[in-house]
Amino acid sequence: MTPNLHLWLIPILPLIGATINGVFGKRFSRQTVTGIAWTFSGAAFAMALWVVSQFSSLVLPYTEQLSPWIQAGTFHAEFGFYLDQLTLIMLLVVTGVGFLIHIYSVGYMWEEGGFYRFFSYLNLFLFFMLTLILASNYLVMFIGWEGVGLASYLLIGFWFTKDSAASAGKKAFIVNRIGDFGFLLALFLIIQHFGTLDFTQVTSAVIPYGIEASGGFLTAIAILLMVGACGKSAQIPLYIWLPDAMEGPTPVSALIHAATMVTAGVYMVSRSHAIFERAPIALTVVAIIGTLTAFFAATIGITQTDIKKVLAYSTVSQLGYMFMACGVAAFSAGIFHLMTHAFFKGLLFLAAGSVIHSVGGEQDMRKMGGLRKKIPWTFWSMTAATFAIAGIPGLSGFFSKDEILWHAYQANWIYWFIGVFTAFLTAFYMFRLWFMTFFGEYRGEAESGHGHGHDAHSAHGSHGHGGIHESPKVMLIPLVILAFLSVFGGYVGVPASLGGSNRFDAFLAPVFHSTLPSASAEQATAGESAPPEHATESAEPGTGHSTELIFTGISVCAGFAGLFFAWLLYHRRPQLPQEIALSLGGLYRGVLHKYYVDEIYGALFVKPLISISRGVFWHGIDQHVIDATLDDSAAGAREISGVVRRMQSGNLRSYAGWIAFGAAAVVLYMVWVGTR
Amino acid sequence: MNSATLDTAILSLVTFIPLAGGLLLLLFPRRHRDIRVFALVVSLLDFIVSLHLPAHFDRAKSGFQFQINCAWITHPNIHYHMGVDGISLWLVVLTTFLTPLCVLISWNSINDRVKEFFILLLVMETALIGVFVALDLFLFYFFWEATLIPMALLIGMFGHGRKVYAAVKFFLYTMIASVFMLAAILWLYAQTGTFDFVEIQQAIQSGHVAHFSGAALWLFLGFFIAFAVKVPLFPFHTWLPDAHVEAPTAGSVLLAGVLLKMGTYGMLRFDLGLFPEQSRHNAPWVMILALIGIIYGALVAMVQPNMKKVIAYSSVSHLGFVVLGIFSFTQLGLDGAMFIMLAHGVSTGALFMLAGILYERRHTYEISEFGGLATPMPIYSTFFLFVVLASVGLPLLNGFVGEFLVLSGAFQAHMWYGIAACTGVIWSACYLLWMYQRVFFGKVTHDKNNTLPDLNLRERTALIPAAVMALVMGVAPFLWLKSIDPAVHASLASSLTSVAQIASKVVGR
Amino acid sequence: MLHLILFSVFGLICVAGAVNLLVQSHPINSALSLVVVMGSLAVEYLLLGAEFVAAVQVIVYAGAIMVLFVFVIMLLNAGAEERSKGSIVALALGVPGMLIAAILIAWVLVTHSGTQPVALGALPGHPKDIAELLFHDFLLPFEVTSILVLIAIMGSVVLASRPEAIEHSKKES
Amino acid sequence: MVPLSYYLVLSGILFACGVAGFLIKRNIITIFMSIELMLNGVNLSFVAFAAQWHALSGQVFVFFVMVVAAAEAAVGLAIIIAVYRTRATLNVDKVDLLKL
Amino acid sequence: MITTTVAIILGAPLAMFTTPTASLMPNIPHAADYIRILPEIVLSIFGMVIMFVDPLMDERKSQKTLGSIALLGAFAAIAATLFQAQPQYAGLGFWNMVRVDHFSIFFHFLVAAITAVVILTSYEYMDVQQIRAGEYYALILFGAVGMGLMSSAVELVLIFIALEISSISTYVLAGFRRRAAISSEASVKYFLLGSFATAFFLYGVALMFGATGSTSISVIAEKLAAGNHSLLVYAGVALMFVGLGFKVAAAPFHVWTPDVYEGAPSPVVGFMSTAPKAAVFAVLLRIIFEAHVPGTLWLIWVAAALSMTIGNIAALVQNNVKRLLAYSSIAHAGYLLVAFAALPANGIPAAMFYTAAYAAMNIGAFAVVSHFANAGERYVKMEDYEGLGRRSPILAATLTIFLLSLIGIPMTGGFFAKFYVFTAIAQAHLIGLLIIGVLNSAIGAYYYLRIIVVMYMREAQEEVPVTPIPVGLGLALALSLIATIYLGIAPNRVLTYAQTSVSELTSSSTPLASASQAGSAMAADGH
């Protein structure tokens, strides 16, 4: 007998918080606002923990239908919540990291105007994010899906007086909408074929279908879902919004654009793994997109000088890893990386925020340096995170990334190769950041850390107790906790090859156990598509482990290589980068300008669209065709009227003429009728 | 009185209370305050009375309810036949719901010829309700035409800018279109000897109408053109922006909120109800027009320099969704279409109210005149954002449900139409958010805007109901769908059967 | 035979008078030619036997009415009508129309009137018979004509009497 | 024996002449006279038809027509005088203040 | 000669009492016969009373008194009509000259009512325009006599005389503003063209007489029913149609209308655009539906289409309100003729209802115009109406309602009128005419709307004085307003009443049968 979990409370609590803060926050003191925000986000976290505590007595998957939502004809969707291992992990990550970031933000945003607004938005985000992951059907998931988009729109545009921020928010929302377009179409297809959107029902409905080697409606669904995921998780070609999203306050970047929201795509894809497994083509697409994104984002990350931009691109590329994992049907690996990434990338952002905070809003790494001494706590936590993401053995990032690469190799070595190279790049730009920020001499204007980055707002507070200073406790505690997690978080999933038992994988197994009938599983392995993992596990362990170890080694080397080059270029010979840049010339500039993707999009879609709408549709068709026709016909009527009036010449005899003529006509007609 | 008599009388009450109020206003002295208060009271009263309908509406039954059917004119055989089913029920309530808000919103914005204004408003309400409850084709046409004059006068007398042009354009455009419907109605009467919708429907379905097969297409078109102009469907839409831009706020609210729905309601009730076969035959090009409306409207809305025009063109786009849903002939599509009608009524009505509030303060709708308003008027901007999101179609708000249903319906009917229409999701986000950004975000560019007062109590009381309604409709749409669904199902089914019967007759011949 | 001769002689006079009315440019001549027409018509009536009608024709028409005309012409001393821009419509539409209609009707009358030849004085209209009709069957029209005449008198009194001032300008055109 | 149709045709000719006069004459009085001409034509056909049907009523009608003609003459000439007062002309082509 | 002079001298008394002249005659008319022309008698009495009183009073003061007398007369006529309506008086009178039936009652009532309203309208107009009231009112009343007779006469010659009475009175009335050149011009144009058309009508009558040997409609009906379709009949019908078409201003015989309406005094226009038209339409109804004259369908079809189109199109750019209303009246004549193309069962009531509704709204409109036109009819242009909505809200609102009714907006008589007409034509399956009709009604909306727009949506450039609404006009407006609204909300009674006359006109009921015998007797007693 499973206890009633009242899952619905988990999202609702933050919503309540959001509402209270949103409506009355203006009148509250900052303390009260903080209290409310913490209480409700914490309560959600507590609920999550309680759910975990109930885990032993749970029969998963556990669903609860709250109330009906849409009922039309045979179609109906309820407000339903769904809990399984996957959900549980996401739940913990979201509520946990979310709560931490709530704590952190208090410190970070303390001096800001619209304090209450911020926390109301943050709570709102939690509500939607939790709805997303707790949803029991695609439609409720879509609520969260759109909702987090809204939240990020609001938070990115938090400093709405800055046009860049406002535009960034809008851009994020609209790009996401493009993704949602795909998502919706996928939903329509699902409805059309299965008549329902409920996860369990869809899955069970999918079961009978075999693998669509040559594509089919499942493939279509899968690809469309992927389009949605691309939007939300910033994959090629829709990643463009994420870097701009850094306009938002740093905690927001940490929570939404690193730890949680952007991973929704991964979550959604693995949630629909049953469909993807049957659509090899779609899987390939996912894998390719993931790989390419990982690589390109990394390359761009190298050249960025804005600390947050670097992290943003690294996020994109890490997400790329996750999709690579999904693409090779290693969903649990993807989720694993998702989790660890949540830890260390969240930490990176928070730390970066702390740095920015400490230097009074400066974000350009070239104006930093030598902060190691000044802000030790930040430095050490940052270090931990950097090593984690760089895949230095023993830290969380290492395990997850390694597992992904291993699965990637099993699918196709090219994925693996690019993956490893990307790992190298990752390590390189991360250490570059690390070195540029914390080592060498301080390059910012002395003692006055009041730059003009958009976090300048926070500067107003910080120069009260001027100079470069460590951030307050309330900001450091989350750092420490997250540092701990990013160091040790990986040990839940130590792969068998390293003597672990990959408990994480085992834990998720019930979710991701292949839904394919074994026969088609054979085809799957036979086909160039990714094999469902239990097949690979079963492949004779001995050799499997040895080879896996080799590859592990290679990736580790890549990590250290990155460290080395970064040290070489940015610590030992700081002038070298410019020279390289010059020698590379065009290529460098291309990378620096993010391959001009935004410009290309602008030239290809945005500008033409607007000019066509204005020139052709509005002025052209609306005004010069339709309205013109109307007005002309009106004028024509007046013309005719003028002509008809000529009949009234005013001359009596002409009137008589008309009458006589008419009489003649009448007589003629009547006589004709008579003679017939 | 006991509920039975009330049930028969209720529709007449709901319909004519506003008219009675208007006539009483005639006798009022020209003291503005009293007039306003009285108008508010009347409209509220009507709203409360109208709540009787959903309260006592039997959702199990699909037919017409609260019917009243008595001979009005013996020859030609015209009946005073009213009744509502799940389709018209909510449109009536929508009307009565919006009117008090209109009264509130025009409280201060109308200071000249106040009496005339509110009389026209109330008369307007009566006519609108009448359109939705009339089951006698004559009665329907009666109210249909009756809506023209009050609206034209509201625009022409209380509008601004090229108000005369707008009013005359609106009047003639819709008038010319609707005479075709008159011709069709008269033809039907000549053949069947009755104006009663139900009887004519039965006559057509049982094939008792002489020369029907030959004339059906023309009849369909006759009705369709009238409705298409009202909706307005793509090539006929140009009157809408002009009318909206020049109209006073209340006018725009009723125009967008209810008047346009007359067209879609007509399509649903009469085109589908009477000429299912023709409707199905012509569905493809109608849907294409609807598609053009959706995308075209959105794109044009995107580049408008004028708030109200943006909203107006967005209406073109949204109504396109409705038509698409109706002519998808799927349960989902029709449900969705109905739901969009209601949702659009609420959210676009609210949008126009908000625009009007801004106009009261700055006397312009030019977007370029604004910018950074979020700083001086946070509450206002919050409301605005909320409504914008509602009409963008954010889940949990009213816009989403209908859009989703319509799209999936259209998708099932014709996949590519569905896909094309689905892009509308993107466009709506584009133009609305862009407008929102240009108006509210950034720094305050005009000094005038620095001192703009935020919403006062009256304006909030006008806006909150709309906002709440938007939320409730988004969270609990089943409350509406429960009664819409059977009605739509019935109409679909009947149309199917009649198509089948006609087909069988054709085969029989 | 005699009948035919008389008919054609006076008929010709009649038509001649009518045509003369058209061609004469001075109204007085037209008036006189109209008198001629009326006189010869009276003869035609006689030929048909309607002697009472003929008498009244001569007395009332040629006598009273035409005198009135001549009187007015003299009063306004109307001269020969001057050439002035005519009306295209009248000549382009009216006259042809008139001709067509006339020819048609003439054709109808000749071919389809279903009439037979009549003898001289075919239908003698003695005053007594006429009076009986007039004061019995046609009593009401007869009485009503009095009203007609009454308003005629009244109207002419009103219109002919000289008003105080005359506004020549016509506001609006 | 003369065919009645001759009389009828004569009346028709008179009527036509009247119409023609109305169309081509310019002097209002003359135009009025041509109206009288038309009436005369009608009278002739009345009498003729009376002979045709042996119905004296036809002759009675002529009296009525004459009364009407007299009345019209009285009124018409009065009107003409009034016009002459205001316009000082009898040329219809000049009487065209009212137009369009 | 004797008879004529007797008529001229003793005519008036003769008209009212059974005169000695008549009593000498064998079988004198019964009292019932006089009751069958009671309204006419009453009207003429009052007319003559006015004539007697007028000289006795001072020119300046007399107007009100005379007006009241005339008004009294009009109401007395209404009363007489109602008295006449008792069943026992239904039937033929004066040896098949008049026929009292629902049809005639309807039109008598209409004419009398119109007369009353017009008199009310003219009340202060007399002062403003300095018009001699005595003749004016007398002429209106006598004109009403003619119109009444037209609707009850069933004998072409009587119809002709009645027509002449109404026409001549209106000729004179049109020229009543003798100081205005346009007034006399209107008068002369109306007179000459009118007599021209009348001559055509008369010739038509002659031909009908020649074809059937009788001028009694019932007899003609019988002859035609008996299959006598000689070409004479067609020619006669054609010529009669010309005459009547002219009187109702149907294209292409409408040319006179705008000029005359513009020149004539506004109340008179209100009068002559409604009452004589109604009467002539009554005549047309009798001729077309009672006499069953052949071959008129397409004639009317074309005439209706032309009238509607020309009227509406030409009105679009009119800038003179009176002229505009003239064109609109042409268009409305067109709508009315549409009903004549329909089947009798639907067409007759539709036409009757239309005449009533049109009378109500049009006379109301002209009442407003006449008041607003002010001395010398100075303010009749569009721009004079600018801002009327502010300067005189009541006047503007009333005019608006009349205009809406003319457009055909629901809740006004005009809407139902048009609607019935179109229904009738649809039931006759003349879809083409139906389409033309509805399109026209849409186009026509424009120019009425223009007036409304000018009144409410434009501000006045130069202040046009608006004198307060006097009692008479107020009453007139109230009456026509009530009528318009009543016909718009509860048209049923009027319509059902109109329908009762269908059977009378079409079927040969008992009085008709007797009439036919009498008619044949009359035809016989020539020798």
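Letters A, B, C, D and E name the chains as they come in the text, with residue numbers starting at 1 for each one.
Assume a contact is a pair of C-beta atoms (placed from the backbone, for glycine too) under 8 Å apart; a residue touches a chain by one contact, two chains touch by 3 or more.
This one's a predicted model, so the numbers in the text were calculated from it and none came from an experiment.
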| task | Determine the set of chains touching chain C that also touch chain D. | result | A, E
| request: Could you tell me which chains are in contact with chain D and with chain E alike? | output: A, C
| Chain pair, most C-beta pairs within the contact cut-off | C-D
| remark: Per the C-alpha means, the centres of chain B and chain C lie apart by a whole-Å value of 69
| If you average the CA atoms of chain A and of chain D, how far apart do the two points sit, in angstrom? | 98
| task | Find the geometric centre of each of chain A and chain E from their Cα atoms only, then give the gap between the two centres in Å, rounded to an integer. | result | 81
| remark: The distance between the C-alpha centres of chain B and chain D, rounded to whole Å, is 64
| said: Touching at least two other chains at once: which residues of chain C meet that condition? | reply: 56, 60, 86-87, 90-91, 94-95, 98, 101, 104-105, 108-109, 113, 115, 123, 134, 137-138, 141-142, 145, 148-149, 151-153, 155, 157-159, 163, 166, 168, 170
| remark: chain D touches at least 2 other chains through residues 8, 15, 18-19, 22-24, 26, 31-32, 48, 50, 52, 54, 56-57, 63-64, 66-68, 70-72, 75, 79-80, 82, 85-86, 93, 95, 97-100
| query | Tell me, which residues of chain E touch at least two other chains? | reply | 3-4, 7, 157, 161, 164, 168, 171-172, 175, 178, 180-182, 184, 187-189, 192, 196, 210, 230-231, 235, 258-259, 262, 443, 522, 526
| query | Got a list of which chains touch which? | reply | A-B, A-C, A-D, A-E, B-E, C-D, C-E, D-E
| field | Complex contact set, residues of chain D against chain C | value | 1-10, 12-21, 23-27, 29-30, 32-34, 36-37, 40, 43-44, 47-48, 50-52, 54, 56-57, 59-60, 62-64, 66-75, 77-82, 84-86, 90-91, 93-94, 97-100
| message | With touch defined as at the start, can you tell me which chain A residues reach chain C in the complex? | response | 649, 651, 653-654, 656-665, 667-668, 671
| said: So in the complex, the part of chain C that touches chain A is made up of which residues? | reply: 86-98, 100-101, 104-105, 108
| query | Can you list the residues on chain A that touch chain B in the complex? | reply | 67-75, 139, 142-143, 146-147, 150, 153, 157, 160-163, 165-167, 170, 173-174, 177-178, 180-181, 184-185, 187-189, 191-192, 609-610, 612-614, 617-618, 621-622, 626-627, 630
| query | Across the complex, what residues on chain E touch chain D? | reply | 3-4, 7, 157, 160-161, 164, 168, 171-172, 175, 178, 180-182, 184-189, 191-192, 195-196, 199, 202-203, 206-207, 209-210, 213-215, 258-260, 262-263, 522-523, 526-527
